[in-house]
Amino acid sequence: MLYMVHMQVNLPTDMDPAEAARIKAEEKAYSQSLQRDGRWAHIWRVVGEYANVSIFDVASNDELHDLLSALPLFPYMDIKVTPLARHPSAI
Amino acid sequence: MLYMVHMQVNLPTDMDPAEAARIKAEEKAYSQSLQRDGRWAHIWRVVGEYANVSIFDVASNDELHDLLSALPLFPYMDIKVTPLARHPSAI
Amino acid sequence: MLYMVHMQVNLPTDMDPAEAARIKAEEKAYSQSLQRDGRWAHIWRVVGEYANVSIFDVASNDELHDLLSALPLFPYMDIKVTPLARHPSAI
Amino acid sequence: MLYMVHMQVNLPTDMDPAEAARIKAEEKAYSQSLQRDGRWAHIWRVVGEYANVSIFDVASNDELHDLLSALPLFPYMDIKVTPLARHPSAI
Amino acid sequence: MLYMVHMQVNLPTDMDPAEAARIKAEEKAYSQSLQRDGRWAHIWRVVGEYANVSIFDVASNDELHDLLSALPLFPYMDIKVTPLARHPSAI
Amino acid sequence: MLYMVHMQVNLPTDMDPAEAARIKAEEKAYSQSLQRDGRWAHIWRVVGEYANVSIFDVASNDELHDLLSALPLFPYMDIKVTPLARHPSAI
Amino acid sequence: MLYMVHMQVNLPTDMDPAEAARIKAEEKAYSQSLQRDGRWAHIWRVVGEYANVSIFDVASNDELHDLLSALPLFPYMDIKVTPLARHPSAI
Amino acid sequence: MLYMVHMQVNLPTDMDPAEAARIKAEEKAYSQSLQRDGRWAHIWRVVGEYANVSIFDVASNDELHDLLSALPLFPYMDIKVTPLARHPSAI
Amino acid sequence: MLYMVHMQVNLPTDMDPAEAARIKAEEKAYSQSLQRDGRWAHIWRVVGEYANVSIFDVASNDELHDLLSALPLFPYMDIKVTPLARHPSAI
Amino acid sequence: MLYMVHMQVNLPTDMDPAEAARIKAEEKAYSQSLQRDGRWAHIWRVVGEYANVSIFDVASNDELHDLLSALPLFPYMDIKVTPLARHPSAI
């Protein structure tokens, strides 16, 4: 089941750089782990913004919330979820 | 080069049903032709709306505009384009 | 799996009253059928508006879109879907 | 008498974790107490957000405001209240 | 129980003047009837707009919706309802 | 001459509680003084929010601004003023 | 007493040109009459829009509403009124 | 003196195609005439929209309004004007 | 050449009062100097807000930007500029 | 390939002035370097705002993101990118 997820990151500009680097590294590892198991199907950078557009493929709303709320950057992000369905014109 | 495109369709509620059916059939054929040649990489229905989220893979801004403005439903749609870049965490 | 759905109805003010009555009757029958089988779990009127807030309990995003796009009033409605998850404080 | 209440939580990212944990525990206990006496009829998590959609069943506007303004997280939340009425299609 | 109600009127500019005059006369009579029985506690014109700000004093959300949806101008209005509570500084 | 005034209070969550209590007490005394002399005609709490809807009855725009800008909570509030006129349907 | 008034004109694009010309001529005469008696203190065109920004100098909210609602173009305009006060830095 | 101008075209979908073609041809000739004399310095299509972003180089606000309000498509466009100044980093 | 300028002041609530007083005094002197030479043609307070609506009369976009960006309160303000033209109904 | 980029700068008002001066100097050098090689085709100041409107001419979405995310002021800016295409009326 597919969802489009828009994530905007708002790190405080006065955050300790080492702490920021640590969280971003954790985020990257976490994201890649979910990409490898197929649940984070796509991730693209929005040009010019510290934001991404992603496609998730999960079994339920609850699974999606569990994945998103465990993001290391979750406390610093604005997330919007759009549930997707198969399009009748899709081949 | 990737773009997210959000298309919302606003057909007049008093449109002649045969005319509407004709335009939708043309739209479907046009969309599937672009899907087959790889430029319309993904199309998903937004749940509960007469709208879709699509990913286009084209060579330039101009090519994307040419494709979108030739959509049979173009005069009836609100379209928003978001240019995408490779995400550093993408595998 | 639960979703909150907000539906706002925008019937043209010059619609033929008999046609409007027919569509509303079909909408009511359709809604009550889905309420009886448990998929349209709640429906409430938003005070002062021709709008409702509903809770749907369905198996997938696709099933929800199929139900919503088959609403007799669908061509006259603005619909927004919010996917819901179990809240950790829910008893 | 029913109300839909949308609560978005905005805890400062630099809040003391122990203080945050204490407030959240109080919030959970408070919420569950109101759920048990029937006034907080439903609470659902909005997928991907630190927010909930709730249904309250109370005797008056004043009672609802008293309950909401006593939430331990009240100083950290944006709350929007939508009064609900019985829908003519509800079974 | 008090509610602030904001009503904006959007009569079609090509409406038959006699029909418009008839609906407005019905609206005025209906409004004055509710003002006399105390449920439409205040009505003020918003300066420069075909809109009003009103205070209703009714027993329930359902009663308010019944009153508002029976307004002769209801099909031509955008209505927003804000539930009110006693303010701790009110004398 | 009447005005609707919407005041939203945004006290910093890390404000010294004694200082906050002092300002709120001053605000209450100031508000009640204006209520007693008839210029702050009504004040209602917006349910679920740290906000109020008020009606002021003053001689001029300048008088209203003088009253509002002297509010002890003025530096912490977003205020929107809507000038009101007599409604032709008012009894 | 001063007010800033923003008026946006939305004439239907299919309006009879003679009827449009007649209303605009009436609007111009009405506006110039109020400018001459000093109550319509300023009128400026917003560059690129069929809109104006005006300053009115009237005795009360009611007088302003009477003037604005009598505009020949009133049924075709969106009007927003901002009450103004003397600025402490004004010379 | 430079201005950025955003123009969005909203032709009625039921406009007579010959009439639409005539207005568009006039618009194109008018635009190219102003481009040739240097006052319409740039015009770009917004990808996916019936809209353009333009740069005008004119002597005054009044001249810009005269040029824009004489556009053959003016009655069908939403126009927003942003005045520009020399940037201190421009070479 | 005329421009409407809307300035909203957002001083931090924890700013040192002496520093705030110093900046405001500089702002007042600067504003009055520009009012005296005719370039800051009007300044009015928006009722209930720490904001003003002003009319500037300057020779160019560049001159306006130079004046505004030199405001002592510039780092603390949100400013929106609307270019104005002569209105055809102005007397 | 052209893009319009709107950049709004939000430097914290309590930033160390020397640090702010250093970042701005780096930004200016970086911008001028890109202007000289032709990729930052235009940069204009938005009158009255700490913002600019720019035109970039780059080979791809990825190249644009690389340029923008390397801006010294990137952590302090809100950036919006609009892809542009050749306009059929452009000469």
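The letters A, B, C, D, E, F, G, H, I and J name the chains in turn, as written, and every chain counts its residues from 1.
Everything below uses one rule, namely that a contact is a pair of C-beta atoms (placed from the backbone, for glycine too) under 8 Å apart; a residue touches a chain by one contact, two chains touch by 3 or more.
Everything numeric here is computed off the predicted structure, so don't read it as measured data.
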Farthest chain (mean CA position) relative to chain H: D
Rounded Å distance between chain A and chain G, as computed from the means of their C-alpha atoms: 50
Distance between chain centroids, defined by C-alpha means - chain B, chain C (Å): 26
Centroid spacing, where centroids are CA-atom means, of chain C and chain H in whole angstrom: 42
Junction residues of chain J - those touching two or more other chains: 2-3, 45, 47, 61, 64-65, 81, 83-86
Chain-to-chain touches, reported pairwise for every pair that qualifies: A-B, A-C, A-D, A-J, B-C, B-H, B-J, C-D, C-E, D-E, D-F, E-F, E-G, F-G, F-I, G-H, G-I, H-I, H-J, I-J
For the chain E and chain D complex, residues of the former touching the latter: 1-3, 60-62, 64-66, 81, 83-86
In the complex with chain H, residue positions of chain B that touch it: 3, 5, 12, 61, 64-65, 68-69, 75-76, 79-81
For the chain C and chain D complex, residues of the former touching the latter: 2, 4, 27-28, 31-32, 35-36, 42-47, 52-53, 55, 82-91
Chain D residues within the chain A interface of the complex: 11, 13-14, 45, 47-50
